[in-house]
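In what follows, subunit A forms one complex with subunit B and a second complex with subunit C.
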Partner chain A sequence: MANVIRAIEALADVIIANKEKLTELDAAIGDADHGINMARGFEAVKAKLKTAQPDDIGAVLKLVGMTLISTVGGASGPLYGTAFLRAAAIAQGKTTVDGPMAGQMLAAAITGIKERGKAVQGEKTMLDALEPAYNAFQYGLSMNKTMAECLELAVNAAQDGVEYTKTIIATKGRASYLGERSLGHQDAGATSSYLILAALTQLAKKQSQAGEP
Partner chain B sequence: MKKMINHAEQVVEEMLQGVVLAHPQYVKRVEGFNVLVRANSPVAGKVGLVSGGGSGHEPSHAGYVGKGMLDGAVAGAVFTSPTPDQVYEAVRAVDGGKGVLLVIKNYTGDVMNFEMAAEMAEAEGIQVAKVVVNDDVAVENSTWTTGRRGIAGTVFVHKIAGAKAETGASLAEVQQVAEKVIANVRSMGMALSPCVVPAAGKPSFTLAENEVEIGMGIHGEPGTHRETIRSADETTAHLVEKILNDLPLSAGDEVAVMVNGLGGTPPMELYIINRKVTELLGEKEIVIAKTFVGNYMTSLEMAGFSVTVLKLDAELKALLLAPADTPAWVQY
Partner chain C sequence: MVGIVIVSHSAKVAEGIRELALQMAAPNQQILAAGGMADQSIGTDAMLIKDAIVAANSGDGVVVMVDLGSAVLSAELAIEMLEDQALLVKIADAPILEGTIAATVEASVGRSLSQVVATAEGARDMHKQS
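And now, the complex of A and B:
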């Protein structure tokens, strides 16, 4: 449980630290608020985690999802909020996470994002980072790799996904208004998804080196 | 960045306080939320109209809260859709028992947040309908985009659906007339200089001294293309041509025209633009029933303008000309 709260804090810190970078990416092909909105949301998450005492991982993730929905705004609020709520449903009553469960949570989160955003992979959105990440994570599991190793595979795939968004035309979100002018720019939402996975991976590596599960 | 503000993160809160202090006869604050509703809300026996969106478009949307237009306006962070809980509170506050119509500008975030709010309100037993405004012809409406953006034409939806609601019409009837406005309204804008989102502190795009962006949206999101600045007449002619290509009009048709400033363009220039719009429509023998020139849907301090043309029939004309009494739209 402490690990999960630490993980949420770690990913919140990464988003907050990258507030300007995400905003700049959004300014190029969107409306220049992604970093500002995400940072505001994760500041609120950190504040809530200081006082709340969730009983299980599901409760932690539900708190994160509800907080993001009510503080982020834009498209990112409903999308990330829905993602965390869906993951929360998988983690209800659980106090530890193993590899297969983490895979299920990621799958549920992705399904939630697709339903809320009516989007699929290849439209220059966060799904272009998350879907390859999920596939890589599942591949890692099938090769009996540790959670940290699976996450490492996932984050590498997400990074490739972010690079891939530079090569495609946006068909969802504000960047879609630009048509071909969105080419060459990386998607801000895919980038924030990558950053979240990167933060989780960093933490998992540290914990596995420290001998924690 | 030079801005007359106190704290970047407090701009929406302090603006809302200022609006309520300026217009207590029109609006009141829903305590604890960034929601302004009519001072006498909820109005019993009338469909409630709620709109909103990111802040920075003032007087949209709170300026249109009052008799004959909106019942509630939800203010998001600057250029950011308000969250579902905020929209939900607005719906609750204005529901007078006949249901609530949500007027949404077509942006991914706005549509998602307002839809989530509608689901919450319906779960509480409040009847909710929604319309999505997409008047901006600069954006291709195809399966390859999110669809056209909602810009200044939204204000005509507020006016006409608001007037319809005032007659005691049902939620379905008010929704229907709002849809009719949306089907008949087209806009297009352009920008001469960017705006600065307070929390970002720097322009979200840059334009060279002699460069303009055609098709600019109201959030500083890029338009269709950039070009070297041309005269007011030439630029206006380009925008009007794009609008009329999309909204075929014949001699004798009646329209309403809105020449809208984006915040940093003086009324002098807007009137110069309106002169050309009127001339171009006159050449085609299109009858202008009413013209609106001013800042209706702004983009902070952006310099630029948009032109909106609304094709009228007898019903739309009567509702457009019906009385309204709000902070930003007073009409007898």
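And now, the complex of A and C:
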């Protein structure tokens, strides 16, 4: 449980630290609020985690999802909010996470984002980072790799996904107004998804080096 | 009577449209603004929208009027989060200002939710010059 709360704090910190960068990316082809919105949401998450005493991982993720829904404001609020709520449903009553369960949580989160955003891979969105990450994670599991190794595969795939968003035209969100002018720019949502996975990976590596599960 | 919830990224826009709509409304008609975020910044808040839907319902359902992008996503999420899943609620695919005025008039004479939604959506074809 303490691990999960630490993981949420770690991903909140990385989003807050990248507030300017995410806002700059969004300024190029969107409405210049992604970093500000996400940082405001995760500041609120950190504040709530300080006082809440969740019983299980499901409760932690539900708190994250509900907080993002009412504090982020842009499309990333309902999208990430839905993702965390769907992952929370998988983690209900659980106090530890293993590889297969992490895979299920990621799959549920991605399905939630697709349903909420009516989006698929290849539209210059967070899905372009998350879907390859999920596939790489599942590949790692099938090769009996550790959670930290699976996450490392996932984060590398997500990074490639972010690069890929530079080569495609946005058809969703505010960037879709720009059409071909969105080419050459990386998507801010895909970048924040990558950053979240990178924070989780870094923490998992540290924990596996320290001998924690 | 069908209730109306106005969802804009800006609290001022939602409140302003409500003000205009009230000029056309029946005395006890429920028209609620659910714009902006709790801290007054620009954005949409699914929790705020959810509470407004519940408050606007007097038993005949609620039509939700939306502006851009995340207003639609947050409204859909709000509907998904309703405790009472039997509550009739529809998002109108309509221009937010003209659609709200049209919906207000239609609802004020006691039409059904589907009639109110259809009228709001018809506002898309309203022309300002012939």
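Simple rule for what comes next: the second predicted complex is superposed on the first by the 213 of 213 C-alpha atoms of A that agree within 3 Å, B and C clash if a C-alpha of one lies under 4 Å from a C-alpha of the other, contacts with A are read in each partner's own complex, and residues count from 1 in each chain.
In this section, a residue touches a chain if its C-beta (ideal position, glycine included) is under 8 Å from a C-beta of that chain, and two chains touch if they have at least 3 such contacts.
Values in this document were obtained by computation on a predicted structure and should not be read as measured data.
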Touched partner set for A:G173, first subunit B, second subunit C, both or neither: both
A:G161 touches, of subunit B and subunit C: first, second, both or neither? neither
Partner chain in contact with A:R181 - subunit B first, subunit C second, else both or neither: first
First, second, both or neither for A:G77, with subunit B first and subunit C second: both
First (subunit B), second (subunit C), both or neither touched by A:G58: neither
First (subunit B), second (subunit C), both or neither touched by A:G140: neither
Intersection of subunit A interface sets (partners subunit B, subunit C): 33, 37, 40, 69-79, 116-117, 173-174
Contact footprint of subunit B on subunit A as seen in their complex: 23, 27, 29-33, 36-37, 40, 69-79, 116-117, 169, 171-174, 176-179, 181
Interfacial residue positions of subunit A with respect to subunit C in the complex: 33, 37, 40, 66, 69-79, 81-82, 116-117, 173-174
Touching residues (chain side subunit B, partner subunit A) in the complex: 54, 76-85, 107-109, 112-113, 116, 138-140, 143-146, 149, 197, 199-200, 204-205, 217, 219-222
Complex contact set, residues of subunit C against subunit A: 9, 37-39, 41-48, 69-70, 73-74, 76-77
